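In the two assemblies presented below, subunit A is common to both, partnered first by subunit B and then by subunit C.
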Partner chain A sequence: MKRSFKGLFYTPYILWLAMFVIAPVALIIYYSFFDIHHQFTFSNYRVFFESGTYLTMTANSVLYAFLITVISILISYPMALVISKLKHRDLWILLVILPTWINLLLKAYAFIGLLSHDGLVNNLFGFFGIPAQQMLFTDTSFILVAAYIQIPFMILPIYNSMTDISDSYIRASSDLGASKWQTLTKIIIPMTMPGIKSGIQIVFIPSLSLFMLSRLIGGNKIITLGTAVEEHFLTTMNWGMGSTIGVVLIISMVVVMLFTNTKRKGRRS
Partner chain B sequence: MSNTIVELKDVYKTYDDGFTALKDISIKLNQGEFYTLLGPSGSGKTTILQAIAGFTEVTSGEVLFDGKRINDIPANQRQLNTVFQDYALFPNMNVFENVAFGLVVHNVKKAEIEQRVHDALKMVQLEKYATREISELSGGQQQRIAIARAIINRPKVLLLDEPLSALDAKLRKDMQYELRELQQQLGITFLFVTHDQEEALAMSDEIFVMNKGEILQKGDPVDIYDEPINHFVADFIGESNIIPGKMVADYQVAFLGHQFECSDAGMRPNEPVEVVIRPEDLVITSPEKGKIQVKVDTQLFRGDYYEILAYDEQGNEWLIHSTNATKDDSVVGLAFGPTDMHIMRYNESEAKFNSRLESYED
Partner chain C sequence: MKKFVIIIITILILCMGLSYGSNELTKSTGDSGNKVLNLYNWGDYIDPSLLTKFQKETGYHVNVETFDSNEAMYTKIKQGGTSYDLTVPSDYMVQKMKADHMLIPLDKSKLTGMNNYGSSFMNKSFDPDNRYSIPYFWGTLGIIYNDKDVKPGSLEHWNQLWQSKYRDGIMLIDSARDIMGFSLISLGKSVNTTKTANLIAARNKLNRLSPNVKAVVADEIKMYMAEGEAPVAVDWSGEASEMMSQNSHLHYVVPTEGSNMWFDNLVIPKTAKHFKAIYAFLNFMNQPENAAQNAKYIGYSTPNNKALKLLPKSVRDDKQFYPPQDVLDRLQVYSNLSPQKVQQYNDLYLEFKMHK
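For the complex of A and B:
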C-alpha cells in the first residue's frame, strides 16, 4: 500500500526522464547511424573524424566556449564577491539575473543596434573623434556578447557558494594573520570551488553550440558545432550528420561533467 | 612581573541603529593570567572580544596592546589569536593544513612548520590526527584543533569565544581542566568568554561580570561568589536566596522581623539592603533551633545533594542544598551564621563597594 503510493510520486520523474532525456538521446544516437538516403552506415562518424572541416569546427567551438567561460568567470567572480558583501545583496543579485528574463533574440538584436556601423557605440566613438569601427560580425564581439548572456548563469552558483561561507572563516583567516589576498586565494576561492564548477558546467556546454548568436553577432563567419547542427537539420536535411555532431556534443558534455565533478573525499562545501 | 598586556580605556561601542553594546569599559589584562568575561547573552562580552581581536571598531575609547594603541590596526596584524565559538576550522583543509595556516601565511619554512604543527598537535593530544579531514573529527577533537591552530603563532593573548558551549556536559568539564592546564603551560593570557558561571568560577584568575554592556564587578572567583555587588551578580553567579532587609547598625541586619548579627558594615543606619544567603550555607534543623522557620514545598534529588524549595511565613522562597532529604510539607528551622550572610546595598558602584569592604575588613 505504502509502496505503491511512493511509486505514484516517482512516476512523473520517470516519465519525464524517459520522454525528454532517454528517448531523445536514443533517437539522436539512432539517427547518427543513417546517411542522407536512410541507409545504415558508420560514414557519418568517419566523415566527422576524417574531414578537417568538422575537426576545425570542433576545435573552434571548444576554443570559443573556453574563452566565453573564462571571460564570464573573470567578470562574475569579482562581481559575486562584491555583491555578497553588500547590504541588500539579494536585490543586487536579482538585478544581475534580470536580463535572463528577456528573450535571447531580443538581446541579440539589441546588441546589433549597439554595435552596428551606425550604432550607439560608434556614435559615442565619433563624439570623441575616434573613427567608426567594424564591431559587429567579429570574433571579439561574438565572444563578449556570448559572455554577457552567460554571466547570470555563472554568477548565480558562485554567489550562492559565497553566501554559504560563514563570516567566522574569514575572521579566523584574518585572525591567523592572513592578508585579504591570502584569505581570498586560500580560503574563499577553494571554498567556492563547487560554485565555480557548476558555473562552468552551466556555461561551457551551451556555449559549445550557440548558433543564433554566432549568426546574428558573429555574422556567419563563426561556424560552431551549433551552427553546423542547425545547417544540417534545416538546410541540407542531412539528419544523420546533424545527429552525429549532436552525439559528439553529448559526449563532450559528459567529459566536462566528469572533469568538473567535485571529488568529495569527506570534504564538504 | 605582572605587566599589562591588553588594556581597554573608556571604550564605548554604539551600533548604527543606536544600540549601545559597550558602555564605558575599562579593563586591564596582565600577562599570563586567565580572565573570564561572564554575562548573559547580549551583555556585550563577545563585543569586547571582537574589539580586542580587531573584528569590530569601537566608537570611542582606546584599545591598547603591550602599551600601544591598536584601534586602527587590522585584525591580521594583531599579535593575538582567537578560538571561535563554531571553531571555524577550514573545511577545505585537513587537520595539518588548518593548524599550519597561521605559519603558511607568514611564509615560515616548511621544516619549521612541520615541527611546530607537530608540537601544537601534541599539546592538544591529537598528534596522530594530522592527516584527518575536519569532517571526520568529533566536536571535542575539533575544539582541540581550533586551539592548536590558534596557539601556533605563539600569541601573547588567546581569546576564547564560548569555546565549550557546543560540547556535552562531561566533555565540557574535562576541557575546563585542560584549558586551565594549557594556559599555565603556555604562560600566556587567556581571555575567556562564557555565559556559564560554573566555567568561569572553575578556571579564572579573575572574572568580569557583565550585563547590558557594562562591567558590574570584577574580582577573583571566590570574592565574586562570596561578595556579589548587587542583585544581578548574586543571582547570576551561583544560586542564592535574596531577601530584602534593613541595616539597623554596623554588623546588625534585620529581616523577616528578626535582627541578626552579620559581618558587613559601612552603611547608613536603617538603610534598606538586600541580604544574600547561598543555599549551601543554610543548615536544616528543628524549628526551635532555627533562626527562621520555613515550610518545605518540594525536593529534588541532584545526585550529590538535595535541592529543597521552601517558603517562610511571609511567602519568600528559600532554596536549600542539603545532603539529607527532609519531609515534604514539614516545618523546619534554618540555621546560618553571621558570615553566611552577605549584605548588598542598592545601586552601589563598584569603586564604592570595594572601598567600603576595605574600610572594615582587615
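For the complex of A and C:
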C-alpha cells in the first residue's frame, strides 16, 4: 500500500523528466545525425570539427561567456557580501532580483535607448563636454549588458550560501586573531564556493548562446553559437547541423557541470 | 496563498472574458459556416477595411492568420493540419513550393482583371506564365541614406559603399541572400550564381566592407535608421518606406547597375478548400480601386498598373519606389537554389559576419 502510494508521487516527476528533458535531448541527438536529404550521416560532426568558421565561433562563444561570467562574479560577490550584512537584507536582495521580472527583450530595447548615438548616456557625456561615443555594437557594451542581465542569477546562490554561514565562524576567526582580509579569504570565500559554482553553472551556459543580445546590442558583430543555431533552423532549414551545434552546447554544459561539481562530502545527509 | 490564488484566478477569468468578447466582436455578422476564406498572410500586410468590404460584397468572411518568414510559412503548410486557402510567398518560395507540389494551378477562366498588371511584373522566372501565382506587392533592394550625413545624389552605386568615408557607418539587413546578392552585383555577377568561385569572390569583397559595417541587424534596422543611428543602410524598399515615414531626412536609391527585385505573390496551397471564395477574393484584389487602397495602406509598390494610376501623383512619380523602365530592366529576381547552395550562401555570409 505505502509503496504504491510512493510510486504515485513519483509518476508526475518521471513523466515530466521523460517528456521535457529526456525526449527533447534524444530528439536533438537523433536529428544531429541527419543531413539535409534526411540521410543518416556523421558528416554534421565532421563539418563542425573541420570548419574553421564553427571552431572560431565556438572559441568566440566560450571567450565571451567566460568574460560575462567573470564580470558578473566580480560584481555579484562584493554586492552579495554587502547585502548579507545589511539590516533589511531581504528587501535589498528583492530589489536586485526585481529586474528579472522584466522581459529580456524589453531590457535589451531599454539599453538601446540608453546607449544609442543620441541616447541618454551620450547626452550625459555631452553635458560634461565629452564628445559622443559609439557604444552600441561594441564588444564592451555587449559584455556589460549581458553581465547586467546575468547578475541576479549569480547573486542569488552566492547570497544564499553567505546567509548560511553561521556568525560564530566569523567571530571565531577574529577571536583567533585573523584579520578581516584573512577571514574573507580563508573562511567566507571557501564556505561560499558552492554558491559561486552554482552561479557559474547558471550563468555560463546561457551566455554561450545569447543570440538576441548579440544581434540587438552587438549588431551581429559578435557571432556566437546561438546565432548559428538560429540560422540553421530558420533560414537554411538544415536542422541536422543546428542540432549538432545543440549537442555541442549540451556537451559543454556537462563539462562545465563536471568542473564545478560540488562534492558535498556527506555534510548534509 | 489563498489571496494569491484568488488574484490569479481573477486575472485569468478577466483575460478569458475579454478575449472571448473581442473574438465575438471581430467575428462580426453573418454565418461563418461555409462562407469563409482562410488567408495566411504576412503580419499587417492587407488593409483590414478591404476585408470588411469584401465580406459586404461577396458574403465571404476572411480569417487571417499571419507568419513572419517564408520558411516558417513553408514549414507550417508542409507539416499539414492546416486549411489555408491562400498564402503569400515571395518569389523564390513560390518556386520551391511549386517544386514540392504544394501549389494548385490557377484556373485562368475564373479570373478577371489579370490584364491590369504591368508586363514587367508578370511571367517572371519563378513562375512562367503565372500558372500558380498573382503578384501582390513588389519591391527592390537598395540603399537608404540620411541627407544630414550624405549629400543627396552622391551615393548611387553599390561600389560606393566601400569608400572609406562610410567607415563604421553602414547598417545591413541580416539576410544572407541579399547581402551576398549586392556584393555579387557589384562584381557584375548574377544574384543567382551557383559558381563557388563567384561566391567566394563575393565573400572576399564583403570582408573588405567590414570596416564600414556598423551592424548587421534585422527588423530593428528601421528603428535605428529612423533615429539616425547610422548614415547609410542596405535594406528592402518596403522597409525603407516605413523608415522614411518616420524620418524625412531619409532617402532610398536603387543602384542603377542593378539590384534585386522581389515579389510577394498570392498562391493557392494544396490545403485549400473554399475555391469559390478564393476566386472571388483574387478577382476582388485584382480590381484597381481595391489594389490601390491596399497599396496606400501598406505603402509598398503595387504591380497593378491600373491601380497605380489611381494613386496620387507624388506616389506614381516617386522614382525611389517606382523606378524607370531602364532600371527595372536591370533588376534580378531570386530563383530557388538547391539546399546545398543555400547552405553555401549562408556559410559564406556567416564567415563575412565573423570577419573582423
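Quick note on the criterion: the second predicted complex is superposed on the first by the 263 of 269 C-alpha atoms of A that agree within 3 Å, B and C clash if a C-alpha of one lies under 4 Å from a C-alpha of the other, contacts with A are read in each partner's own complex, and residues count from 1 in each chain.
By definition in this document, a residue touches a chain if its C-beta (ideal position, glycine included) is under 8 Å from a C-beta of that chain, and two chains touch if they have at least 3 such contacts.
Predicted model only: the values in this text are computed from it and were never measured.
**Q** Using the touch definition from the top, say if A:G7 reaches subunit B (first), subunit C (second), both or neither.
**A** Neither subunit B nor subunit C is touched by A:G7.
**Q** So, does A:F137 touch the first partner subunit B, the second partner subunit C, both, or neither?
**A** In the superposition, A:F137 contacts subunit C only.
**Q** Just to be sure I read the superposition right, which of the two partners does A:Y169 touch: subunit B = first, subunit C = second, or both, or neither?
**A** first
**Q** Applying the touch criterion given at the start, work out whether A:G126 contacts subunit B, subunit C, both or neither, answering first, second, both or neither.
**A** It touches nothing on subunit B or subunit C.
**Q** Between subunit B (first) and subunit C (second), which, if any, makes contact with A:P24: first, second, both or neither?
**A** neither
**Q** Could you tell me if A:G219 is touching subunit B, subunit C, both of them or neither one (first, second, both, neither)?
**A** In the superposed model, A:G219 contacts subunit C only, not subunit B.
**Q** For A:I36, select first, second, both or neither according to whether it touches subunit B, subunit C, the two together, or no partner.
**A** After superposing on A, A:I36 lies in contact with subunit C but is clear of subunit B.
**Q** Mind working out whether A:P78 is in touch with subunit B, subunit C, both or neither, as first, second, both or neither?
**A** In the superposition, A:P78 touches no partner, neither subunit B nor subunit C.
**Q** Which subunit A residues come up in both lists, the one for subunit B and the one for subunit C?
**A** Correct list for subunit A: none, the interfaces share no residue.
**Q** Show which residues of subunit A lie in contact with subunit B when the two form their complex.
**A** Against subunit B, the touching part of subunit A is residues 166, 168-169, 171-179, 182, 186-187, 190-191, 193, 265-269.
**Q** Quick check: in the complex, which residue numbers of subunit C touch subunit A?
**A** Listed in rising order, the residues of subunit C that touch subunit A are 69, 71-72, 75, 168, 171, 174, 176, 213-218, 220, 223-224, 227-229, 339-340, 342-343, 346-347, 350-351, 353-354, 356.
**Q** Touching residues of subunit B toward subunit A in the complex: what are they?
**A** Touch list, subunit B to subunit A: 53-55, 74-77, 81-82, 84-86, 88-92, 101-102, 104-106, 133, 135-136, 149-150, 152-153.
**Q** So in the complex, the part of subunit A that touches subunit C is made up of which residues?
**A** Going by the criterion above, the answer is residues 36-37, 53, 56-57, 60, 112, 116-118, 134, 136-137, 215-216, 219-221, 223, 227-228, 231, 234-238.
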